[in-house]
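For reference, the structures are reproduced in the following blocks.
Each of the two complexes below includes chain A, the first together with chain B, the second together with chain C.
Entry: the complex of A and B
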């Protein structure tokens, strides 16, 4: 099914769901300010359903927006790509949303286009897939109530860690210099955190000014501490949607750090893909009586 | 502004030999919040403690730092000391400048002094952030569980019961008695093992305060000191203990014969059986794996002939949960599997047996009615070789440790061979002879001098089967020449090892064990029967190889500890537990899943949000169950769960203090 057909069906289903009263709102994407940017939209009226779009730039992970409706009793329909659906499971597993209050319309996804490159091109020009989509292993929603189209074939079967391995090859000094350079660019806007489905704390540690962990100063040292803490906080929980990197205004390779932790956790605890199911617990999130105590 | 007093201890020369204590005290003068700083030879001494108390009053101190040994040694001492002077006992910090400084840096006073200064500064920073804490109380269930019904378990139970407390003995076998029931004579007095054990077994079974739970296993342990909720699996016995009189008709008629575990396979038992004649309870169980009724559905003979109708094929395993105040582990040991020793025939030569086989062979109620006979052809052996340290003191194939009992039981068995077979020759291959017990050395001397056992210092390199003889080759290292003995029987003194399921059971109950799976005592010298888990104690060989006298002594010690615990109506509980900040807690429940003590659960709270009442989940800590391990605090990304006395703020204050001194260098 081509994009336009999907978009038509998308609008049609949104109308039906709103008209029938099955849901009180629908989360989707609408055309953004620029042609290479589609932005999330929340519609409550069936007549607004025609604002919904499906194109090469529906990057935003809509699951995260459910957090804004944690304490309402509304039933929400939302469109989820493969990565978004893993985010949905992330939030379910973290007990932040309720499955019964949602209606998931899954969209098997062919991949989004590189929106950064698009900025220097014209509409209609050929564009490569976004970096995160090039190595996508789960383009089909893993949790849904209905699917809009047939499932698609995953582009990759195993995680491509070549970028992580390149960093691992560096000497400690080179690596330090690499990250120092990257993190110096950080303006601490926290967009990466705000967009991350694994970052679902009620009050983020970086918003607790008196906690003493991290000051508000924007400098290499504090930025690095922020970056490392953020990565560690989502270790074993990252669902690889790449939203952090997508929204970063400083173009910091944030997924590289997330992937390093995924690689290490796979090595230490066996292969684990977060958000595929809500069964069991993340590798770092549970206790077994036979957990090794090599340090004791 | 806090008023912190700093007290630097010399610990004689333990600290003062490598740390300039006066200099450390001097360095702390003028440090933020420090109003007093001094050093003294022994802070823990009476005058040392008096000085702290007087200084608290004179200088109006509100917090105290003692820099001395590990808090594991003297934290209780100094907490009591400052409490005597009117301070909350939790407004104390100890800087460990002995184990973590002077002892590990003995040759560099300048840097050791600098490090000690840093450690004390960190303690000052932490104590300045410490908050007063109060202990709370929880009730004590006045009932104990003894896991294991061998001599250690039986003795522990009798001693507890005699103090007036209820005790349950949990035994996985159908009868209590353990390994001691299999042993023939006991060293160094040569009194009959059964003769001294069975009265204890009877006492345990008839004691009004003791309840036997045989043929049962631990399933689950929850709770904490004073209130353990223990679930026990009572395995289906297929025999109703209330109806059975132990008449023995059933096992007389049972057609199925199975190798007897008690006789180490040297004779047969029936599918419905008691393990040995003096078993307690002397009521059988059906071995469902071999019983025809269970295998084929036919037979049912025992049920037909049972005069009291006690046989019940429909019985199922039963799970029973009981609350206990204390648990004693007395699960005993197993013998090392010598089949790893190729040079001794990989366990394939029938006349190469273990010491325990020998005990059964020489026992009057054993398979040979007490006549020493070779398992292969039932002839009386003339030349008997004993090999010690099979699996013990052998890191490559066995265990590094000494099994402690083998020297003595080998001497005993050598004596018994010489006594029963007058024209026999006994050879004992040994590495060392270790006899550190009362009357042990004398017994060993009698074995060699009166009974003429030949002791050969050296290891056996090879045993080969040569016709109906065994050829034992070794070296006499004292004479420096090879020896070869034509033996009729070889007895291996196999090592005592932890039970195969020892680690699993320790994990289930929740205490630690060592690399050999023996249970770890809380302190090797000063707390030998305690574990690191409050309310769980150790008796007998589950803690390490032990002979009967030591096991019985340890049983008594464990019983006293249990009684001391059960004598209290209420237990003080440590206030160092986790607490939840419900304002920031998102209720993700990760702390619930990482808590090893099941102390955290999710609970629902109501709150006002934008003019409406909402409900949401937050974590909730059961402070009686919380052991203060801190696993939850590192799992919580928003720092919404904090461990009292080790809060993020307190630890960060320490880190800051350290970083500041590094910055200044």
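Entry: the complex of A and C
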């Protein structure tokens, strides 16, 4: 099914769900200011459903918005791509959201386009898929009430860790220099944290300036402390949507660090992909007697 | 006007760099920004850097003073600030206007911020007139003149003539810096300046502050607040946002008093000592940011605190668009 047909169906389903009273709001994407932007929209009236779009730039992961509606009793319909659906499961597993209050319309996803490159191109020019989408293993929603189209073929079967391995092969000094350079660029806007569906602490330690854990001064050391704490906190919970990298205004390769942790988790606790199901617990969310503990 | 062949730009900058540090727009490890000039550096002469030049005058982190606690005594030591001159190159007119906005705040008749004022005093600013217009540029709607840099901040105007640059000193300070490389410059009268292209994005802003003064409780804020992430991208990339926080950094007996950027989009901003948060959510924060830029600042200084550079339009992860907001407010009847 082509994008336009999917879009037509999106609008139609949104209208039906709102008109029937099955849900009171629908979360989707609408056209952004420029052709390489789509932006989240919250629809309450059926006549607004025609604002919904489905195109190459519907990157934003809508699952995280459900946290804003934790304390309402309204039922929300939302459109989820493969990665977004893993995010949904993650939030469900953390008991942050309630399944009964949602209606998921899954969209098997052919991948989004590189929005940064797009800014230097003209509308209609050929664009590669966004980096994160090129290696997508789960383009099909893993949890849904209905699917909008037939499922698509995953673009990769196994995780490609070659970029992580390239960093691992550096000497400790080279590695330090690499990350030092990247984190010097960080402006500490916290967009990576705020967009992340694995970041759902009620109060983040980086929002407690008076606690003394982290200082507000922006330098390589404080920035690295932030970046690494963030990465470690989501170890075993990153669902590889790549939103952190997508939103970073400083172009820091944040997923590289997340992938290193995915690799380490796989190595220590066996292959694990966060958010595929809500059964069981994430590797760092429980313990087994034979867990590796070489540091003890 | 004084003409420089573009092929001689590097020689020109090197010559100036012998006299004082030179700061230029360039790409540093994948992030475009203003950085110290080094020979053979690739300069960003098309468009403007992602990071605005405000950090040159209001650094993201700045030490105000040192202190030492010894028993019951507290010793305070002033920081040694840079006293030597520097030159800031190729600042677009929108960003020049951004500096004028900062001047209103930090060098007001009521109070002069010494550290800010010192940096302004030692910095000669070369503005660069636009020879193009990005789809996100709307400077003309916000009172910026793309033909002429605001002389309240610019010292030299630079015109891009294709193969040459034309320099026009706007004051004595500018003339002095240009004279450091006089041998590379030739005088020419009647320089034909290329036309400045029309801004693609044009907004009606006449009467905007008055109109906004009646929108505090209007439903329009609900449409804009929902998708906000609450990150600091817009405020930190903005050439005019200037909120800061004062922090202590303690190491044993030694301490440092720091001024750091802060963002009104953060949870902790406006949080009071007793734990009360008067701005409870995204809506209140966005409303404050937009009204500060388009109404409150205008009422006080008769200029917008938005210069139409378009950074927030393209960099906001969720595409919250202040130009759309303005269009919507101007379109709607005051509610």
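List of remarks:
By our rule, the second predicted complex is superposed on the first by the 288 of 296 C-alpha atoms of A that agree within 3 Å, B and C clash if a C-alpha of one lies under 4 Å from a C-alpha of the other, contacts with A are read in each partner's own complex, and residues count from 1 in each chain.
Criterion: contacts are C-beta pairs under 8 Å (C-beta built on N, C-alpha and C of every residue); 3 or more make two chains touch, one makes a residue touch a chain.
A quick note: this is a predicted structure, and the numbers were derived from the prediction, not measured.
For the composite obtained by overlaying on chain A, chain B and chain C can both be accommodated side by side without a clash.
Once chain A of one complex is fitted onto chain A of the other, the partner contacts of A:187 are limited to chain C, with no touch recorded for chain B.
Once chain A of one complex is fitted onto chain A of the other, the partner contacts of A:32 are limited to chain C, with no touch recorded for chain B. Once chain A of one complex is fitted onto chain A of the other, the partner contacts of A:202 are limited to chain B, with no touch recorded for chain C. When the two complexes are overlaid on their common chain A, residue A:95 makes contact with chain B while staying clear of chain C.
Rounded in steps of 10, the angle chain B-chain A-chain C defined by Cα centres in the superposition reads 120°.
More residues of chain A lie in touch with C than with the remaining chain of the pair chain B and chain C.
Think of it this way: put the two complexes on top of each other by chain A, and the tightest Cα contact between chain B and chain C is 6 Å. Common to the chain B and chain C contact sets on chain A are residues 208.
Within the complex, the chain B residues that touch chain A are 507-508, 510, 512, 583-590, 593-596, 602, 609, 612, 614, 616-617, 631, 635, 637-640, 648-649, 652, 656.
Interface residues of chain A facing chain B in the complex, by the touch rule stated above, are 70-71, 94-96, 200-205, 208, 211-213, 233, 281, 284-287, 289-290, 296. Chain contact summary for the complex, chain C toward chain A: residues 28-31, 50-51, 60-61, 135-136, 226-227, 229-233, 236-237, 245, 247, 249, 258, 260-263, 266-268, 313-315, 317-321, 323-324.
Chain A meets chain C in the complex at residues 32-34, 37-42, 60, 65, 68, 119, 181-182, 184-185, 187-191, 193-195, 207-209, 215-219, 246-247, 249-251.
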